[in-house]
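Presented below are the structures under discussion, each in the form of structure tokens.
Presented sequentially are two complexes of subunit A, the first with subunit B as partner and the second with subunit C.
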Partner chain A sequence: MRVFVVDNGGQWTHREWRVLKYLQVETKIVPNTTPFDQLGQVDALVLSGGAPDVASEAGRMGNNGEYIDKADFPILGICAGMHFMANHFGGSTGPAIRAEFSKTRLYVDEADGLFAGLPKEFDVWESHNDEVKNVPERFEVLAHSNTCKVEAMRSIKRPLYALQFHPEVENTDFGMDIFRNFLKQVEEWQK
Partner chain B sequence: MMFDPKAFVEEKVEELRKKITGKAIIACSGGVDSTVAAVLVDRAIGERLLTVYVDTGLMRKGETESVRAMFIRLGVHFNVVDASDEFFGALKGVTDPEAKRKIIGERFIRVFEREAKTFGADSLVQGTIAPDWIESGDGVRDTIKSHHNVGGLPKDMKLKLVEPLWDLYKDEVRLVARYLGIEVAERQPFPGPALAIRIIGEVTPEAASIVRDACVIVEEELEEASSKGLMVRPWQYFAVLLPVQSVGVQGDRRAYGRTIAIRSVDSTDAMTASFSRIPYDVLERISLRISNEMKANVNRVVYDVTHKPPATIEWE
Partner chain C sequence: MRPECRQALSAAVHNRRRDDDMEQALGREFRKAGLIYHDYLETMDEVRTHMRKNKMDCWDSAKAILKEKE
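And then the complex of A and B:
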């Protein structure tokens, strides 16, 4: 399986690459300016987080839109990757009422898919100033926290997933399991 | 097996052998990263490598002597350079953290250029690991802090860089260090700019001496508490000298002294970290020792309870 990490300039982009490598997936980090056609044969993408304010600095998010439009395979957007996805499908993002940095309690609302086999609530690590204000149509919320309504969402039409928190960092409980679950979704999509 | 140190060593030694055709020097602080890099390159090119340790005047107590002794035990070809006057001179009057880091980065390179010239080397090996280049920033990533070995490099540098640990994090470097039997495998991380970034404000020999003494106390007490089983030894633990003075009373006399912050965190890879749950009795011992033994300079001790993010591990 080949899952590439699209680099939106996150502090933890390379951690996403490391987790995928540890899960024995063929992976590499690609700049977000790479044209879709030059990605080559790939089974899924992870859109990393990054410093851009997605609503006002869409240019810094490079070809994320092209990837979402042209791919039929699964995509996982993390943090800024999630914000981009929300805006791209007609939802909205903006400055969070309460920023979340480091430890945050996550409450799972939809326990299948990304959160299959995981506890109903656990601690995750965050680092975000913005948040999803309105979830796009045909997306559903999968998890929330006390200070952020949309911690995870997915499309009900396509294999598109998005997380506000960071499953790739060591301090997030079950982070590796969330990646494993995403890879399972990729496997199922391939069938 | 998630990371295979044996395969990594074999692959890197082979790669280094091909890459370094002439002579090289390695910038080695005696910490885990640069010592692992030194041993890898030593295996690849042997006598064509010179290990260079720079005493910046900002090292911890006894550090230069213990690193020298380790180099002798390792059997590497090394040189210890005393450049403390050069570093303090360049840092005079500088208070901005990024300016400090860049000045230090440049000073290191100037020393390495001189050493390389004498030795006839055209390559500079560094123990750069992933957090160093990630946090230094690039075209797409914000600069969180310019690590001296990446973001602090002067633009006119001509030495060819060789950085075999580029994609690794500290936990992986430690696996390699253990596999290679390197004695400093478990040593706590210590930043290249050394005590300069544990002094908030101007770096003077006097400030360095104060924070050095406070670091010794923090290290001794936490290491003793860990060896007694009162706590697990933290990932990284040290003192920071703050430019904040406060009023105190010492033996019926008014005092107006400086502040030391204790910083201690737990981490795996330095990309996220949580403050250590130090038992109160241990914090009390540290506080008592610092405020009594260092009464001439310090009359207040605080404990930093911030995770990374939003803080970073070091204060600058």
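And then the complex of A and C:
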């Protein structure tokens, strides 16, 4: 399986790459300016986090829009990758009620897919100033926390998933399992 | 809506592929026309606002907007 990590300038892009590598996936980090056609044959993409305020600086997110539009495979957006996905599909993002750089308790609302086999609540690591304010139509919320009502969401129509927290860092419980579940979704999609 | 955005919206409606989302069709035409992502967001926002206000689907909204502006 080949899953590329799109680099949106996040501080933990390399960790996303490393987790995928650990899970024995063929992976590499690609700049977000890479044209879709130059990605070659991939089975999925991870859109990394990044510094841009996506609502006002969407241009700094490179070709993320093209990837989302053209992909006929699963995509996982993390943090800024999630914010971009929300804006792209008509949702909205804005400053979080409380900017976070800390552990937070996650409450899972939809236990299948990304959270299959995981507890209904566990701790995750947050690092964000912005958050999803309005979920796009045709998306559903998968998890929330006491400080952020959209910690995870997915498209109802397409295999698009997004996380506010960072599953790639060690301080997130079950982070590796979330990636493993994403890869299972990729396998399912290919059937 | 700027004329070049309107033109791309029109192309998105006319060149719609089977199973295309509006986002996919519009994004394709905007990239083809060399327009920037900000233009795409503004145009898509106009379509979505019209859609919600008039309780239509996005394709019918796009057609209505194009008709209004003729």
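Assume the second predicted complex is superposed on the first by the 191 of 191 C-alpha atoms of A that agree within 3 Å, B and C clash if a C-alpha of one lies under 4 Å from a C-alpha of the other, contacts with A are read in each partner's own complex, and residues count from 1 in each chain.
Just so it is clear, a residue touches a chain if its C-beta (ideal position, glycine included) is under 8 Å from a C-beta of that chain, and two chains touch if they have at least 3 such contacts.
Bear in mind the structure is a predicted one, so any value in this text is a computation, not a measurement.
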item	value
Partner chain(s) touched by A:51 [first = subunit B, second = subunit C, both, neither]	first
Contacts of A:140 with subunit B and subunit C, given as first, second, both or neither	neither
Touching partner for A:88 - first (subunit B), second (subunit C), both, neither	second
Touched partner set for A:59, first subunit B, second subunit C, both or neither	second
Residue contacts with subunit A in the superposition, subunit B compared against subunit C	B
First, second, both or neither for A:68, with subunit B first and subunit C second	second
Which superposed partner A:121 touches (first subunit B, second subunit C, both, neither)	neither
Partner chain in contact with A:188 - subunit B first, subunit C second, else both or neither	neither
Which superposed partner A:101 touches (first subunit B, second subunit C, both, neither)	first
Set of subunit A residues, in rising order, touched by both subunit B and subunit C	none
Residues of subunit B that touch subunit A when the two form their complex	2-3, 130, 134-135, 140-142, 144, 167, 169, 267-269, 271-272, 274, 307-310
Subunit A residues within the subunit C interface of the complex	58-59, 61, 65-66, 68-70, 87-90, 157-158
Touching residues on subunit C, where the partner in the complex is subunit A	21, 23-24, 27-28, 31, 36-38, 40-41, 44-45, 48
For the subunit A and subunit B complex, residues of the former touching the latter	7-15, 18, 22, 31-32, 50-51, 60, 101-103, 125, 127, 169-171
